[in-house]
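Structure below; questions to follow.
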């Protein structure tokens, strides 16, 4: 029968492929051949068995009767057993109540140690490592002068000593000072047109690494929140609501950029009590 | 004797005058091919082309060599296409634009001197957010796109870094850093994907499509064919 | 050998009945089996991977053969996956098969769930099994997310960051829950080893237990069947476990493994060497999660910038799309058997399956729900679609926002109409259809003539 020959061929192919697979492995391995030969070995068995089941054996339809399950039928035995456990006890409800109470409070007591999994957040979401006077450095630890930032350029900076710190990361940009339109209170925050904003997107926390230089907009690649650099990183498009917190900059006597203090607000995505 | 010194004098005059001659015919070429959008003397024209004062040789060489200039559509982003200028014409135009003010000169490039590992980490830190981890490019919003880097040459890549064309920022890399990054990008351009067919190299989205349309659909189709609906199967 | 086991365990009568147990024979009943076999393949390949993986965030220097990363500081976890991929024979194939199997596992689970939904197989007495199955889908999502985050690469680390942000967005408890889950403020060292415990022990353990329950309930209640000659609510018509179903299932398992092996060997997936090790200060674009989390990414991209403040409490912009929306949606899905019972007032037992056209209302709602999820999943790739089609990203976002509201109801209504029409005409949806034929008249015009 034709189907039988096909099935035999499938198993033979599978056998050959398995041998081939072992040889390939012993000879040093090759990702592509390992995949193809493994697929052939498995596929041969697969088609062989499926054709065997569907074409070779005579399996007529059988009929099996279902058990009838009347609703409420099974509960009789269970309630009988439950009854037995409380015969001879005078105040069942109190006993049952206390037993449940004990079990529940034990469960709660055993769950309490899960609080050791992490520290209390405290004020950690409100603070970063930027303090007044701390120099701004690049990822190698080198201090930055305003002239080191090209016009239309972008550098990632950190507080000195904390290079790579996730929560303190900031982008340093330079624009022509006459283009700036920052809020009044931040007039002194951008010496020589140097601006620093938190690099953590206020939407979902991705680093805002994309700078559209001509449009002077920072774009977060995760969900496309766009921030206008000239007006204080106010969101102009996308799902972010809060502007990127700004880092107040100043130039020290040696001409290097330092921070005047921490960011203008909590960095990163919002949380319930961030206005406190 | 007289003839030789006369010849020498003529050659010297030409050699001295050549740069300004070049600027002269560069200016001519500019007036003919570029001034309609960039204005006379590179002053720029409102709505058509920005001023080229201070643009620098690097920017001009980049735009001309990659064929981005002349621009097909002033409203759309410039795209790479075959350059319409010959090597000589490009050189002339570049030196003319360079003379229009202080701008970044053409950077020197030596990918062979670049370190792949430094290049990779610099690339990921500075370039991948726009150009993708695999250098396949990405949309950057507002009708701008960072192009794929697969067709880019080392020279023009270096020029793009120092001149920041379009929405690309200007990067103040050192020469070594530029060489590192370009060496890495060249590696990306020429290396084979270790895992097999790389289906675009843009991550889980094409992977999901392949998983659904090749993996699951393929499996189900085989089952529909071989198993069918039981009783409807022909023997 | 069988006699050996049988004489010691006394399986004679149970074994006889079990081998003759009847299962209906239809290709659509095999989709759940595909999911099961994907899971088995995941456990098998996963065990191999576990023997080489180090769930350790400690910093080491990569000194392997992949040049662009040599000499860089990476976590031990990342280093171990790199070594597995480039230095262990058959390591990359196993890793790729494992990841493809994960994608197909969730896909087949979803399609299986759709089959159960559209044929009404979740009705009494199978409501419990629906909940068990739904829970397994949630576990599958968790397994996938924890799994692809284990290599500690840039792409999956970005996903972890977003997960952290989703947790802190929960009002009142958010910052605490996030700190407990991650062991502090992001990024933390603990999270990799915790993900490992979840991925390798807790979640698979729960899944296996629920899988056992799922199959046991199915065995006990017997499988449902489509209507047909000789079939009724009080019987099952099909083929016995042995030899037919056993051989067939073995074949399907081998087939699933074969397709996954082919994909694992030939098609690259999750090239962590391109993304590089995770760095909290960098991100690459495009950044998407694996497809089954894409709807979450899409929802967060599409939601408008809302961040209301209620009685001094800020409701963060991440909360609605990332926590509330999936919470509500999945609750409805989980409780669907009970919701439908309320809506249709049908408390009877059902063992015969509906054709989707028999219940146009349910089918329409299901189609609408699927379309909603599909729009959200596609929206997760909006920047990639924008790049490919050369369209502005903002336009894609606006399009998907519109589609999110328009496509599900329109699709549902269309499905409803089609169901009614098919039900009335009793045709097969893929058949030729009675319809009409256009015929040229003598005058040169056209007329419609019923197809003979």
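The letters A, B and C name the chains in turn, as written, and every chain counts its residues from 1.
Just so we're on the same page, contacts are C-beta pairs under 8 Å (C-beta built on N, C-alpha and C of every residue); 3 or more make two chains touch, one makes a residue touch a chain.
Because the structure is a prediction, the values reported are computed rather than measured.
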Determine, using the mean of C-alpha atoms as each chain's centre, which chain is farthest from chain B. C
Name the chain pair with more contacting C-beta pairs, choosing from A-B and A-C. A-C
Chain B-chain C separation of Cα centroids, rounded to whole Å: 40
Per the centroid of Cα atoms for each chain, what is the distance between chain A and chain B, given in Å? 33
Taking the mean of the C-alpha atoms as each chain's centre, how many Å separate chain A from chain C? 18
Per-residue overlap in chain B, given as positions that touch at least 2 other chains: 125, 128-130, 138, 140-142, 194-196, 227, 230-231
Touching two or more other chains, which residues of chain A qualify? 31-32, 35, 47, 50, 54, 61, 139, 156, 207, 209-210, 221, 224, 237
Going through chain C residue by residue, note those that touch at least 2 other chains and give them in order. 25, 92, 96, 238-239, 248, 252, 255, 259, 263, 265-266, 279, 281-287, 383, 393-394
Considering only the defined contacts, which chain A positions touch chain B in the complex? 31-32, 35, 47, 50-51, 54-55, 61, 139, 148-156, 207, 209-215, 217, 219, 221, 224, 226, 237
Interface with chain A, chain C side, in the complex: residues 20-22, 25, 89-90, 92-93, 96-97, 125, 158, 161-162, 164-166, 168-172, 174-176, 178-187, 222, 230, 233-240, 243-245, 247-248, 250-255, 257-259, 261-266, 279-287, 297, 300-307, 309, 312-318, 322, 349, 351, 382-383, 393-394, 397
Residues of chain B touching chain C in their complex? 116-117, 119-121, 124-125, 128-130, 132-134, 137-143, 145, 184, 187, 193-199, 201-205, 207-212, 214-216, 218-220, 222-224, 227-231
Within their complex, state which residues of chain A touch chain C. 25, 28-29, 31-36, 38-43, 45-50, 52-54, 57, 59, 61-66, 68-69, 114-115, 117-121, 124-125, 139, 156, 164, 166-167, 169, 199, 203-207, 209-210, 221-224, 235, 237-242, 268-275
Show which residues of chain C lie in contact with chain B when the two form their complex. 24-27, 30-31, 34, 66-72, 85-86, 92, 96, 100, 103-104, 107-108, 111, 154-155, 228, 238-239, 248, 252, 255-256, 259-260, 263, 265-271, 273-276, 279, 281-291, 294, 380-381, 383-384, 386-387, 390, 392-394
